[in-house]
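Both complexes shown next keep subunit A, but they swap its partner, so subunit B is in the first and subunit C is in the second.
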Partner chain A sequence: MPFCSRCQKPLQGALWCGACQHLQSSGLQADYFSVFGLPTRYDLDLKILEQSYHELATEMHPDFYATAPADERRLSESLSARLNQAWQTLQDPTARARYLTGIWQSQTPTHERDLPTGFLQEMFALQEELEELLEAKDQQALAAKHADFLQRLNDLRHNYQQQLIELKENTPDTTFCKQIQQQLNAERYLLRLLESCSPTSSETDP
Partner chain B sequence: MAYSEKVIDHYNDPRNVGSFTKNDDQVGTGLVGAPECGDVMKLQIKVEDEKIVDAKFKTFGCGSAIASSSLATEWVKGKTLDEALAIQNTEIVKELSLPPVKIHCSVLAEDAIKAAIKDYRKRQDIAIESPAA
Partner chain C sequence: MTERIIGIDLGTTNSLAATVFDQIGPEVIAEPGQTPIIPSVLTMREGKWIVGQEALIGSLQNPTQTLHSIKRLMGRSLKEIPAEEQAQLPYELLAGERGQALVCLDKQTFTPQEISAEILKAVKYRAEAILGENLQKAVITVPAYFDDVQRQATRDAARLAGLEAVRIINEPTAAAIAYGLDERKDGKIAVYDLGGGTFDISLLQLTGKIFKVVATNGDTRLGGDDFDQAIVGELTLRIQQEFENTELHSPLARQVLRQTAETIKIGLSQSNEIEYTISIEDQSWSHQGSFTMTELQPLLAPVIQRTLQRCQQALDQADWKVEDLDEVVLVGGSTVVPELRLQVKQFFGQDPQVAIDPYKVVALGAGIQGHLLAGGRRDFLLLDVIPLALGIETVGGTFSKLITANTTVPTEAKELYTTHVDNQTAIEINIYQGERELVQDCRCLGRFKLRGIPAMKAGLPLVEVTFLVDANGILTVSALEKRSQTDASIEVIPFHGLTRQEIDGLLEASYDHAIEDFAARQLIEFRQTAERVLHGIEMHWTIAETALAQQDCTAIRQQMAVVRQRMEGQDPQVLKSEMDRLGDLTRSLADTVMGQAVLSALQEQEATSV
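Let's look at the complex of A and B:
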């Protein structure tokens, strides 16, 4: 557990000391879980996370440092930004899973572009099917495809989230990391397929 | 985001769109994807005497991915397999003036060329082996 750089008391979160109200410059390098003093695990209590976020956001708010020395004022801005990033990432299940696999990746590099066998071929075939439906403006078939893909996306998300929740150790083995990474990669392709279902998708920012 | 004129040109008028029969021994197929954005790219080459005589592509992705693969088919035509293998994504970035966030599109095109050549060579090995078997 880290300690406050000023009063030496143990810190709850890496950004700010609740005991002496001191901003921790070392918090700028802290990972998002440490920001909230949470273990590096997928499974977390969103209510507690939200509560700590609001408390910290209030305590460290740059408004309170308006009259503080310039470096302290800047530090409160940087730490608040870090806090917001951490919150944005951890509160979203997909972003949290991606962030977590990123941490694993730095410890044991795996095949980060890996996909389940045959998945890419299937995605290509589905994109070709969609293209024909879009050209034919077959709204009914497109809606059915959209529903299919959505179901598949939800199943996929449910599956990897469950695996992550049930994970006991902090540093899982390569097989597990690979399984999760494959599903997170597959998720992006499914999101793209869903996007392609709507006739306006070709107008999106290329 | 602003596109370079060359990207817009390839996007509006993509070269060599289409596909060859997959099971032709003269054809190599490369199918690659970018997990960053879910783009899928298929690039095929037709080879005679170690030389690429024709190339086709089909890409489901952004303008930069389409332009990168379109350009890749133009570049590989007339090259030997070894020459095509030497094509670097950085050359595509330079030609199309791709911004940093679109560099992965050029990587995808380079990967597609390499995958297509690998697939062709694998087919040749099988084609050479099978009559003896």
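Let's look at the complex of A and C:
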């Protein structure tokens, strides 16, 4: 467990010492889980995460350092940026999974672009079907396709999330990392397909 | 609490300031019984800037020499301002060295930053006179949809006005603070903000102490001015139907039409029909007509529809439904239009909140935020977002987003770069902001030159560039070569804004030409007031001699001489205390005997020295 650089007491989160209200410059290198003092595992309680995000934000935000010395103010800015990034990543199930595989990457490199066997062929076929429907402007069939993609996406998500939850805090082996990575890549693909047949996909910006 | 930080709403049409007073709480800064508003209108007379009401009154006599809607030009290049928008402005525009829009006035050119600085100075000086304090720090509001360049431009304008913009906050967010702190209820709020020249919609989630902006959307070229223009279009048609081949494009004609349109718009906020007469000084015709609510509605509808589309986009971005909203708040002078309120109510399915004056609410929120920054309170925290994605150019001119829109700020992104030829020591990065797929459709914020990369074989250096967006939504870039752990130095070349050197140059010039010192300004003010008071007493001296005892008259005479002597001196405080003494001596005289002139002169003195 890390300790406060000033009062030496153990830290709850890596960015800020609750005991002596000191900003921790070492927190700039902290991973997103230790920002909140959480173990590195997929499963987490979103309510508690949000609460702890709000608590940390109200202590570290640069608005409360407006009259502090310039270097302290800058530190509060960088640490708040780190905190916001950590919150934004961990609160989103997909971003959290991607972040976890990123951490594993540094230890067990996997093929970043790998897809599940047969997935690409399946997607190509689906994409072709979709293009025909788009050309024919068949709204009913498009809606059905949309529902189908959504179902696939949800199944995929459910599957890898379950695997990640079961992993708990253990270090995964290469096969596991590869499986998760493949599913995350497949998810990206599906999301792009979904976007192209979404009923509100028209370009809105002038 | 430390030094006071006031809040300033620097608007397209109006500007004003607010602060938190002991005991009273947040309030706009105004003379008792007077309006807090300073119209954002300027002109130049004998080489001196005239700002506010006086410039507005003179605008008909001198349309080409009267500047308004300057905020629309902030941080923009001339190319970016459509011809029709340029045609609406009676004054002349030019392109600067890097294409930035410049304003011509009195045979000189000015940047929008310099002109906005004059408005800020007027706000600052008046606030100083009323508060009796030297002010150096402010929270300044900008439309939520302002990009990095426009925010920088606002901050630079503040610097030129001798103010540190401690924080730039978004107008709708400021309004939410003023409302939210009033009620203290958890829930989801939409703030609909239609000002003179800009439209913003912000969606906020209030949870305990936290005011979190979830999504923001808007259009920096959509506002009440567009209502006026629509009415001007209709008036032009009517006049040309009655008098064929009428020339209505002269600056004077445009100004007359614009003001008539505004009068009609405001008039129809209170009644269903309004009569008007239009005549232009150098033309022989005169046109009379009337405008009804029914005729106004179709003119306003397209503008209102555009704002509601933006509202829907924001809801989609937040993944909220209209029914999720606990409250809808209306902000900005243009939201007083009844037709608008009706449409907004229909869209959101609830009555919008207007409990706080829509003209004042933004300044009030900024004043409260200033109070927090100065250490006066810490019972709420504002978490705002970046309105538009930030990124860099990648292969084929595609825009690669590093930070997406609606990300909570402060935030940062890191990117690794390397070199392409051996011993290359510098890298150039172009940074863009926008929501489109190609960089050509986004705004280039500037070119960042990284220098001081250690000489190595091509591809070996690992330069980690950090893009940090601060709580103001303003970007700073830093770079580190990871192999050698050396900081690369960064030179920023802004594409629309001012360079550091230009700002410093302008600052020096302003120190040379203007009296920046608070004491010096106070001295001038007190001297003018003393002059008026002395003159008032002299004018009514015969009455005084008959009504007052000899010794009282002598005392007044002596004190008048003391004041005259102090007027020659350099210490405003000494002059003020002698004036106060004169005021005491003449008070009973003013109250009971003397005419209104002395009384009003004395009252003025009191008002300026509160």
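Here is the rule we use: the second predicted complex is superposed on the first by the 195 of 206 C-alpha atoms of A that agree within 3 Å, B and C clash if a C-alpha of one lies under 4 Å from a C-alpha of the other, contacts with A are read in each partner's own complex, and residues count from 1 in each chain.
Please note the rule applied: contacts are C-beta pairs under 8 Å (C-beta built on N, C-alpha and C of every residue); 3 or more make two chains touch, one makes a residue touch a chain.
Predicted, not measured: the structure shown is a model, and the values here were computed from it.
Trainee: Could you say whether A:120 touches subunit B, subunit C, both of them, or neither, answering first, second, both or neither?
Mentor: first
Trainee: Which holds for A:84: it touches subunit B only (first), subunit C only (second), both, or neither?
Mentor: second
Trainee: Touch check for A:57: first (subunit B), second (subunit C), both, or neither?
Mentor: Only subunit C is touched by A:57; subunit B is not.
Trainee: So in the superposed three-chain picture, is A:173 touching just subunit B, just subunit C, both, or none of them (first/second/both/neither)?
Mentor: After superposition on chain A, A:173 lies in contact with neither partner.
Trainee: Of the two partner chains, subunit B (first) and subunit C (second), which one does A:185 touch, if any: first, second, both, or neither?
Mentor: Touch partner of A:185: subunit B, not subunit C.
Trainee: Once the structures are superposed on A, label A:196 by its partner contacts, choosing first (subunit B), second (subunit C), both or neither.
Mentor: A:196 contacts subunit B only, not subunit C.
Trainee: Now for A:66: first (subunit B), second (subunit C), both, or neither, which partner does it touch?
Mentor: Second partner only, subunit C.
Trainee: Show me the subunit A residues, by the header's touch rule, that subunit B contacts in one structure and subunit C contacts in the other.
Mentor: Residues 204-205, which sit in both footprints.
Trainee: Please name which positions on subunit A make contact with subunit C in the complex.
Mentor: 54, 57-58, 61-64, 66-67, 77-78, 80-82, 84-85, 87-88, 200, 204-205
Trainee: List the residues on subunit A that touch subunit B in their complex, please.
Mentor: 112-113, 115, 120-121, 123-124, 127-128, 131, 184-185, 188-193, 196, 204-206
Trainee: Residue numbers of subunit B touching subunit A in their complex, please.
Mentor: These residues of subunit B touch subunit A: 1, 3, 11, 31-33, 35-40, 42, 58, 60, 62-64, 66.
Trainee: In their complex, what parts of subunit C are in touch with subunit A?
Mentor: It is residues 2, 5, 166-167, 207-210, 309, 313, 316, 369, 372-375, 378, 381-383, 407-412, 435-436, 468-471 of subunit C that touch subunit A.
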